[in-house]
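Just dropping this structure here.
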Amino acid sequence: MHFLKLILRNTLRHKLRTSLTVLGLVVAILAFGLLRTVVDAWYAGAEGASSARLVTRNAISLVFPLPINYQERIRRIQGITAISHASWFGGVYVTPKNFFPQFAVDAKTYFSLYPEYLIPPADMKAFLTDRKGCVIGRKLANTYGFKIGDTIPLRGTIYPGAWSFTVRAIYDGAEAGTDTSQFFFHWDYLNETMKKAVARRTDWIGVYVIEISDPDRAAEISTEVDAMFRNSLAETLTETEKAFQLGFVSMTEAIVVAIRIVSFLVIFIILAVMANTMAMTARERIAEYATLKALGFGPYFLAGLIYGESLAIALAGGVLGILLTFPVADRFSEQVGTLFPVFGVSLETIYMQAAAAIAVGITAAILPAFRAARVPIVEGLRSIG
Amino acid sequence: MSVPLSYIWRNLAARKLTTLLTAGGMALVVFVFATVLMLEEGLRKTLVETGSPDNVVITRHSAGTEVQSVIDREQAAIVENQPEVAYSTNGLRLASKETIVLISLAKRSSDKASNVLIRGVGQKGIELRPQVEIAEGRMFRPGSTEIIAGKSVAERYKGAGVGETLRFGQREWTVVGIMDAGKTGFDSEIWGDVDQLMQAFRRPVYSSVILKLNDPAAFSELKTRIENDPRLTLEVKQESVFYAEQSQLLANFIRYLGMILSIIFSVGAIIGAMITMYASVANRATEIGTLRALGFRRKNILAAFLLEALMLGAAGGVVGLVLASFMQFFTISTMNWQSFSELAFSFTLNGAIIIKSLAFALIMGVAGGFLPAARAARLSIVDSLRAV
Amino acid sequence: MENLPKPIVQIRQVTKSYHRGEQWVPVLTNISFDIISGEFIALMGPSGSGKSTLLNLIAGIDKPDSGSLKVNGIDIATLSEADLADWRAANVGFIFQFYNLMPVLTAFENVELPLLLTRLSRGERRERVELALSMVGLTDRVEHYPSELSGGQQQRVAIARAFITDPVILVADEPTGDLDRASANEILAMLERLNSEMGKTIIMVTHDPHAAKSAHLIRHLEKGELDVTN
C-alpha cells in the first residue's frame, strides 16, 4: 500500500494547487450534471407518457380545433376503453412570465384516464360540483402559494376576457416524473361562456385523449381513428401520447442540441485545467522521477504515480461535484418553478458525471506520464524544474 | 520605469504547453460567451428588422401574437380606413388584412414535423414589407392557390420548394416563388392570398391588419383613437415593437441561460489561470527577489504578473472570438414559444460583441492573476533570493 | 594634510534576529565596524555565522532590528521601503552565487535591466550596455540567452549588470561558488580590476580561502561577531 500512500501524499504537497484543481473539477462536474438534467427535464413530458394513451389532434396543426361530436364516434371503435378531451387555454396569470399549462377538460372523464394524478375523492367531488372550480398540481400550488378555496384570476388570450376560478382540489403525482404544474378546469364552463360571446367558437375542443386496452394495438387503432375522419372538414392525426410529447421537443430540438454540446464543452475546459496542473506538477518533479529511476523503479511505476495522482484529484472533484448536484438542482428547480415541471437528477446523469471525471483524470495524465517515464536519468537529476 | 514587456511575454512563451492549456481553457469560455451574445443578437436582428418603423400592426386586444388574435371583417374595415394610412402610387391604401394559420410540415432532413406559419396577405402585403424580395420564381397570382415560401422554409421543409406542392385545407397549393426577407422572420413563413386561405380553412376572420403610416409621428394619435373606440377591441403597436415582444421569452431564456453558463465556465477558466500564475510566481521566486534587489518596486512586480495574466486572457479572448466567428456559417431553427411557430435565425457578430468578449477575457485574466500577483509582490527580498 | 581614507560604510550597534517558528534566533548582536571607500573586503565564516545577513543589511535588501547603518552618509536603516529601492538602484551592484540572470532576457537585456530604473534614453542605455559588456569581454555574446552561456560567462554578464549604474558599493555573495577553478580565477581577476582601476568598494562573502586571497582585507564572522586578520 506504499504506492497509494505515496500518491496521496503527493497530492497534498501542493495544497493550494490541488484544492484549486479540485474546485475547478467540482464546478465543471456540477455544471455538466445540471445541463444534462435540464435536457432530461425537456424530455420529461415524453418520459412520463403512457403507452396506453393516444392523442388525437387536428391534422393541419395543433392550432386548429376538433368538433366535440367526434367523441361519440371515436368511442365506438374496438379497443378503446375510455375517451376524454382537453383544450389548451393559454391564459396569463398576472404577467406572461408566470407560465403554467392550463387545460379546459371534460371533467367527468378526464381524470380517470390519468390515474397518476392523485386527488382525494372529497376534493374531486367539490370540483365536479363547482362549474368555476379548478384542479391544480402540487408544484403549481407550491410555486404561487395557492391553497384550496383560493381564487385564481386568468387573463384570456385565445379566449379573451377576465376569467376567475376557485381552487377545489390539488393533485399530487404518483411518481417523481409526473407533471404537477398543470391547471385543469371545466370545458363546459368555457363552452357556455363562448356560446354567449362568440357563437362560432362553441363546441370545439383541442385534443382527444384516448385510453386503449392493448398498447400493442396503438398503431392500428390510431390509423382507424384517422381513417374515420379522412376527407372531413377536420381531418385528424392520432398518435401515442409519447409521440405527441416528443413532437414538441423536436420543435425546440436546436436548443437541446446546443445545451448538449455546451455540456461537453465544459468538460473540455476542465480537461485543459487538469492537464495543465498535471503537466506543471510532473515537470517540477523530474529530478525526483529520475532519482526513483536511478534507484531501480521502472517506467510503469512512475506512470502509475502520475496517473494515480491525477485520478485521485479527479475523483475527489467528481464525487464532490456529484454530491453537490442534488441540492443545486433543487434550488434551480425552485427558481424556474413551473417552467420545468419535472427536474430530477437521473441515475444516468450520475454515471456520466463519474465517467467524465475519470476520463479527465486519465487524459490529463497521459502526456506527463509519458514524458516522465522516458526522461533519461542523468538529465533528469540535473534538472531543477 | 516598469519591468520590460519582453520579460513578461517571453515567460509565457517559455512554457508553451502551460500557456497553451491555460489560454485554451479561457478561449473555450470566451467562445461560449461570444456565441451566446451572437445568438441573442441574431435573434434580435431577425425580429426587430422584421418590422419597419412606419408600419403598424393591429391585433385583437391582449392577444399577444397574431396566432391568438381574431379581428372580424367590420373591425378590419374600420381600421383600414383610418386617415393616417398612407397611399401607394396607384392610389390604393397601404393596408393589408391578414390571416395567420400554423400548419404542421415535415422537414426535408428528418421526418420530424414542425409548425410553420402561413400568412394570407392582402394585395399590398408584399409592398408593405420593403425588406422582402422575390428571390426565385414569381409572386403568387391573387385569387389562385399559388403560394410563395420564405427562404428558410423552402430549404428546410418537404414540398416547399419552387414547383413543389403542399396539401392543406383540402386543397393543393403550388409554390411559385421564394422570398428573401434578409434574414428576418418572414424567411420562416409561407404567404398566400388571404381570401383563398380564409376559405380553405373556413376562417371568416382576420388575425391582424398591417398599415403603413403616411407620417410615423402620427402613430400615437392613431393608437389612441383605435384603442379608445368602443366598437373596436383592438390594440395597435409599431411593427418592430410587436415583433420584439414576440420573442421576449425566447430571447430572455437564451440570455439568462447563456450568462449563467458563461459565469460558471469562467470560474473554471479563472481557476486554471490562477493555478498557472501561482506556479509562475513560485518558479520565479529568485527572479522576483533579484528584480527587487536591483531596485524594482513591489508595485512593478505586481504589475508585471498582472500583465502576464492579462496577456493570457487576451490570447484566450482572441482565439475564442476567432472560433466563435465561424458560427456565423450556421443557422438555428427553433420553435418560438410565444408564436408557436418555427423561427430561423443565425449568429451575428458585431463590434460590441467583440469588445464585450475581449473585456470578458481580460477580466478573467485579472481575476485569475490577481491573488498570485499580490503574492509575488508581497515576497520579502531575502526569502525569495533564498528560494530554490 | 593628507586626506584620511573615508569610511563609506559605517555600521554602529546593529542587531538582527530571525524567527524560526516560535523562537527568535539572534544572528548579529551589536555589531559595529567601518568599511573604507575603495576597499576590497572578504567576509568569511562558517554557515550560520551571519555573514550573508550582514551583506544583506549593507546592500539594503534587509533591515536591522536596531542600530544604524550609514552608507555614503545616509542611514539606510531609516529609509522607507520605496526609498530603499531607489537607493539600491543608484548605489548598489549585486553579484550572486548563481548569477541570478533573467533566463528569458538576452545578455544585453540583462545588463540593461538596472538602467530601466533611470531616466536614460534608449540610445544612451545601449551605449552603456555595449561598453560594459566589452569591459567584461562579452561583445560577441550580446544576443545570447543565459542558457547559451557557460557559468563563467554568465557571471561576467552579472558583473556587467552590477557596475552599469556606477554604484558606490558592489556586494558579492559567493561569486565563485558555482564555478570551476579557471572561471573562478577569471571572475576574481575582474573584481580586482574593478576595485583597483575603477576604485569600486567591494564587499564579498565567501567560504573559499583562495577567493578570499583576492581581497585586501579578510574579516571573520563567528556567531555574529567579528574578528580581524590579514
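Letters A, B and C name the chains as they come in the text, with residue numbers starting at 1 for each one.
The rule is simple: contacts are C-beta pairs under 8 Å (C-beta built on N, C-alpha and C of every residue); 3 or more make two chains touch, one makes a residue touch a chain.
Worth saying up front: this structure is predicted, and the values here are computed from it rather than measured.
Colleague: Which two chains have the most C-beta pairs in contact?
Modeller: Chains A-B share more contact pairs than any other pair.
Colleague: Tell me which chain's centre, taken as the mean of its C-alpha atoms, is farthest from subunit B.
Modeller: For subunit B, the chain whose C-alpha mean is farthest off is C.
Colleague: Just give me the whole-number Å value for how far the CA centre of subunit A lies from that of subunit C.
Modeller: Going by mean C-alpha positions, subunit A sits 70 Å from subunit C.
Colleague: State, to the nearest whole Å, the distance from the C-alpha centre of subunit B to the C-alpha centre of subunit C.
Modeller: 64
Colleague: Round to the nearest whole Å and give the separation of the Cα centres of subunit A and subunit B.
Modeller: That pair's centroid distance is 25 Å.
Colleague: Give me the residue numbers in subunit C that touch at least two other chains, ranges are fine.
Modeller: Residues of subunit C touching two or more partner chains: there are none.
Colleague: Return the residues of subunit B touching two or more other chains; collapse runs of consecutive numbers into ranges.
Modeller: none
Colleague: Along subunit C, where are the residues that touch subunit B in the complex?
Modeller: Against subunit B, subunit C makes touches at 56, 59, 61-62, 81-82, 85-86, 88-90, 92, 94, 96, 98, 100, 102-105, 109, 113-114, 116-118, 161.
Colleague: Within the complex, which stretch of subunit B touches subunit C?
Modeller: My answer: residues 1-4, 6-7, 10-11, 13-14, 286-287, 289-298, 380-382, 385.
Colleague: Within their complex, state which residues of subunit B touch subunit A.
Modeller: That would be residues 17-18, 21-22, 24-25, 28-29, 31-32, 60-64, 67-68, 101-104, 112-115, 168-170, 201-202, 204, 233, 248-249, 257, 261, 264-265, 267-269, 271-272, 274-276, 278-279, 283, 332-335, 337-338, 340, 342, 388 of subunit B.
Colleague: Where on subunit A is subunit B touching in the complex?
Modeller: The touching residues are 16-17, 20-21, 23-24, 27-28, 30-31, 35, 59-64, 90, 92, 96, 99, 155-158, 160, 200, 231, 233, 237, 247, 250-255, 258-259, 262, 265-266, 268-270, 272-273, 275-277, 279-280, 284, 367, 384-385.
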